[in-house]
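Presented sequentially are two complexes of chain A, the first with chain B as partner and the second with chain C.
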Partner chain A sequence: MSLDTLPRTARTPRRDHPPGRRWRSRVDVKAMPYVLVSPYFLLFAAFGLFPLAFTLYYSLYDYDLAGTTEWTGLGNYAALLVDEDFWNAVVNTVGMFVLATVPQMLLALFLANALNKRFRLRLAIRMSVLLPLVTSVVAVAVVFTQLFARDWGLVNYILSWFGVDATNWRAERIPSWLAIATMVDWRWTGYNAIIFLAGMQTIPRDLYEAAAIDGASRRRQFWQITLPMLRPTMIFVVLNSTIGGLTLFSEPTTFYNGNVDGGSQGQFQTVAMFIVKQGFREFDYGYAAAAAWLLFLLILIGALVNFLVVRRIGGTK
Partner chain B sequence: MLISKRRGMAAATALAAATLAVASCGSGSGSSEPTSSGPVTIRVQTFGGGSNFGYKNAITKWNAEHKDIQIKEEHLTDQFEQQYWPQMIQWLTSGTGAGDVVGIDEGGMGLAKAHPEWWADLKEHGLESRKADFPAWKWENGVTADGKLFGLGTDIGGMSLCYRKDLFEKAGLPTDRDEVGALWPTWDDFLKVGQQFQAKVKDSKWADGTNTLYQVVLYQEAAKNGNVTYFDQQNNLIVDKNAAVRTAFDFAQKLTEQGLTAKLRNFTDEWAAGIQKGSFATLGCPSWMLGAVSDNAGEDGKGKWDVASVPGGGGNWGGSWLAVPKQSKHPKEAAMVADYLTQAQTEASIFTDFGNMPSNVKAQQDPAVQSAKNEFFNDAPIGEIFAKSAASLQPVFLGVKHAQVKSAIESVVQGMDDGSVAYDKAWQQLVDDAVKAAG
Partner chain C sequence: MTNWSPTVFTRVMLGVAVLLSAFPLYWMLVIASRTNADAVAVPPPFLPGGNLGENIVAVLNNEDAKFLLGLTNSFVVASIVTVSVVIISTLAGFSFANLAFKGKNVLLLLVLLTMAVPLQQMGVVPLYRLMVSMEWTGTLKAVILPYLLNGFGVFLMTQYTRQAVPMELVEAARVDGAATLRIWWNVVLPAVRPGMAVLGINTFMLMWNDFMWPLIVLTPDNPTVQIAITSLNARFSTNYTLIFAGTALSIIPLIAVFVVFGRQIVGGLMEGAVKA
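Entry: the complex of A and B
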């Protein structure tokens, strides 16, 4: 007996739907989920995928905004690899990233650990560490630019108490990195601390209780329980900071009067600033596009390195 | 704070305009005119330090007299080469974003001229008749190769030296402007007096930085070297061949090597603060710089600054044009505004109010201009200093890529000053970077 010979009612046992409605319900079940998640993918296609592909396409051309477009193949990439200014920007970016991220992670970790304890006004204080994040980056930069001014700046004033000569924070390489790293840390430490805190709260209490019964000190508990259990959170935070740190733009730009030069000789010009300068000041779009792809590679490498480093934290087997 | 306030105002204005439009529809006059939708707003985009183009009073006056056309000035930034011009090029190429009337510095005119498609032809709006108002070179520079009139002259540079009277007094130097001018017939004299000054005064420097005076010397020397700077008339890069560049560079190097600079880059916030706080005693002052000084120094600086003649005599640095981008939705009204802002009367009042020397010949000959004194600068006879020499000023040719090359070179000249470029390597780097920027 084949299915076809079954009476119609046997196939739709409960209710007799009109065929159109059945079709609609099938669409509803099968297609609707895709329709519902599609806005993200459409937006991503328009503002993520398309620019990505477009950038790749133009990175293969000598494309001058107010001029001509000529195929150069990998010419832009070859030129970039021997461009001192590009490497200068890479060194600056990585340097500032390390200078900003290492203290920031440590600070965020200990801040989170402190916030994870019981104390008065806990919620208010936990919220308050997020305040720097909601401040406009321009406002942050304006204030820090004044703090780090060579003449009449607060930081130089305080340093002068210890007999330090006025530092020109925009002319010397390492001081300029320090100033910008401070700006970045001020803004992001609280954010990372809150993420760490959330991670800490998922660690089961009984682990700590068992450790306490075994006589492990608070400090030991932190190193042996908190840190290893926090690894997934840490990977997220570090990857996030890597992406943010390697695409650093607003802080160093505002630090130099809104100029993407990053100092008279590019003392603190980041790769992102280099790209904007090539693209929107020299109008060498192809070159800028190629630099953007190299930055993408740099971020991939940075993320991978950090991932490998963080994975080892807390004594992996 | 400021921005949100402005936005609020804009929203309120839009709301008011909408209400008006509704009201006028409701009146039911039958034949509705398309122009009754409220006043046309003409956006005028400018750049430059302090009072920049000096349009404040002129715009207030126009707006009071023309209810149907309102001018809104958008001062975008202090810096032309690094910020204003790249942004403007982007807007002009993409066909949206530029104002209805835009200011262009001399350094951008080469490129502007090479792109007639960016601009509305002002001849179509009857402005060909303005030809007699301007010196031939100022007029010609606003006309493209195919004969399109796109730019009308605003100001010209001229040259003087601004100085702080109180600091000169502190150093035991004369303070009277004629005596001060007599101190420095040449730039070597200027350096010598600088050393005398620096020996007596420790907490202020002789000059602001290297860039301003580098420009002053460059323009003076350009006049002796065929009126060209970085490019020759055929747009070939001649940075390493033009003696004017080398002379100006050498002077800048001496200035910083002798420790006479406050190491400030012009048109930055710190430089503006330095003007106010007396970080330096002298500043190269083309006419338009007067407004930058008085506006940055504020009321407290009144009477502290004065104007003397410049070492080496004369020079013409800077000066701008107004153009109407093709993308403007109101080219007719925009042309009227550009016309108004470059009229003899307007340019004359800008000179007396702020200091920008008119390029308009009739304004230059205006007795009020010729006898003008600047209150801020101790009633310095700016008419005598600038207007008398205005007619004889020579135009300096600037190439299509002048803005980019200038920016690259200034970074090296500035880099010598802030210590990031070694003196003995600076010249080579200047040439290399210029070649790179000229691309």
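Entry: the complex of A and C
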């Protein structure tokens, strides 16, 4: 498109184009789109592509504390697959993920449904359920760790009203998972509810009106209209939670005072913590890199499974 | 239309949700304003005490904690990353949304793919080795650089620009003889400001909260605020008032941002979710 052949509008100042103007504007139109996206892709090459490729490279070598490196091929992967500590971390990660995500999704759905009604102070209430999201993860984990303390924690105190003996939340596997899942859910339930709410508001209201005329109860409307129509949003939320949940790090680390061991027996060490421990506490870079690839594989599997589950949900007859 | 008015059960549920969301923050204030003896008392104290100022001063004056440095560092890191990510994303978003060029769809797909990869965890070993070889470990540079890559930002700004800047506007500016950068500055920037605000707030909060990477690449001598809390927690594990005063300080900037921009945050989240 040449500028000179186009009719001039009143807004265009009349002036002679200096020589080379046309050439410059051609270059501008052709090249500028690439120039504008180039900062992102340069960063992508440096901090995205390079680390990914080199993670693969590192994972094929054996590093030790003395600084010697040795080619091992798939040795690190083979060792990981029979490493009890690695499997312990996988079990912990998946366990906490399931323990956190299932109640979180249900609560978020019902909360979103409630937030979708008409009531006063709507924005204030929506903002307050988002409050957990904007507080810092470590701060929150510190608070919850104190709440779950054995001797003076509020949780044990309240449980004592019901005759439950003081639980040592950090010492055992399932209680520690419960405490950490509580932190995760506190943080993310409101956020997911807001996302679900956004999805719910795109559902045409006349669907509900028609259902109400046909005599469908509210509960039935929720299961037969809201849920199936919400499926795209649900896929987004579940994939997001899968990536976040399987890379869980801050909460369990803070629960053990910033230590990546995940408890005296590693009862709440996640895969992300395992990677940091291997790579940056024991300086076995190759092993950590291989574990990172296996974590990626785990996320892919998790995302696929969840995707299939969500596709079935609300697939009403 | 009875469907849209809440039942008693719904009202109760909303009330409980609000209470539960606020409680840990209230608790932070309770402990941060008490004495250490109160913090480990049974039954626990339920109301704030009068020592908040004293405890905050104690945290800020604690030589080992480097808390003030942590707050400053976090502010520097989060601000630099936020400004850079917003500019980079707005430029790329404009290009993807309004300009025609070869390979656009492939590049856009690449952006989407990078969003799905948890690069922070995946690439941690080479990134660390890179920082070591550049002798950047322990410096803020090491924390800032990897986060300038933000696929979500480019995606968000592409979507936002598509909807906020009609193609006719860009074409008209071109006919008027405006060069691409000029169009960006005069036409696109004013129109996409709300999207930039959402992305900016988001990025700032993300950076303020970041934990794993700074824990690896920084030392307690030059911490971000999250690392400073972690060292407090590790060194003074029973000094709850000190730790809690620190956590309270660490979330004040976030709460301030939230109070000022809450409406935009809620709106931005909801809009982003529907478009994604």
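Just so we're on the same page, the second predicted complex is superposed on the first by the 293 of 317 C-alpha atoms of A that agree within 3 Å, B and C clash if a C-alpha of one lies under 4 Å from a C-alpha of the other, contacts with A are read in each partner's own complex, and residues count from 1 in each chain.
The working rule: a residue touches a chain if its C-beta (ideal position, glycine included) is under 8 Å from a C-beta of that chain, and two chains touch if they have at least 3 such contacts.
Here the structure is a predicted model, which is why all the values come from computation and not from measurement.
In the superposition on chain A, A:22 contacts neither chain B nor chain C.
In the superposition on chain A, contact of A:265 is made with chain B only, not with chain C.
Set against each other, chain B and chain C touch different numbers of residues in chain A, with C touching more. Contact with both chain B and chain C is seen for A:151 once the two complexes are overlaid on the shared chain. Residue contacts after overlaying the shared chain place A:280 against chain B and chain C alike. In the overlay built on the shared chain, the residue A:168 is in contact with chain B alone; chain C does not reach it. When the shared chain is aligned, no partner comes close enough to touch A:220: not chain B, not chain C. By the document's definition of touching, both partners, chain B and chain C, reach A:257. On chain A, the surface patch touched by chain B in one complex and by chain C in the other comprises residues 151-152, 257-259, 280. Residues of chain A that touch chain B in their complex: 65-66, 145, 149-152, 168, 170-173, 257-261, 263-265, 267, 280-284.
Residues 1, 3, 6, 9, 11-12, 25, 28-30, 32-34, 36-37, 39-41, 43-44, 46-48, 50-52, 54-55, 57-58, 110-111, 113-115, 117-119, 123, 125-140, 142-144, 146-147, 151-154, 157, 186, 190-191, 193-195, 197-199, 201-202, 208-209, 212, 218, 221, 233, 236, 239, 243, 247, 249-250, 253-254, 257-259, 272, 275-276, 279-280, 285, 288-289, 292-293, 295-296, 299 of chain A are the ones touching chain C in the complex. For chain C in complex with chain A, the residues that touch the partner chain are 1-6, 10-11, 13-14, 17-18, 20-22, 24-25, 27-28, 31, 39-44, 88-89, 91-92, 94-96, 99-101, 104, 107, 110-111, 114, 116-130, 145-146, 148-149, 154, 174-177, 179-181, 184, 205, 208-209, 211-212, 215-216, 225-226, 229-231, 233-234, 237, 240, 243-244, 247-248, 250-251, 254-255, 257-258, 262-263, 265-266, 269-271, 273-274, 276. Residue ranges of chain B in contact with chain A, taken from their complex: 77-79, 82-83, 86-87, 89-90, 93, 111, 115, 263, 265, 268-270, 273-274, 277, 279, 404, 407, 411-412, 414-415, 417-421, 437, 439.
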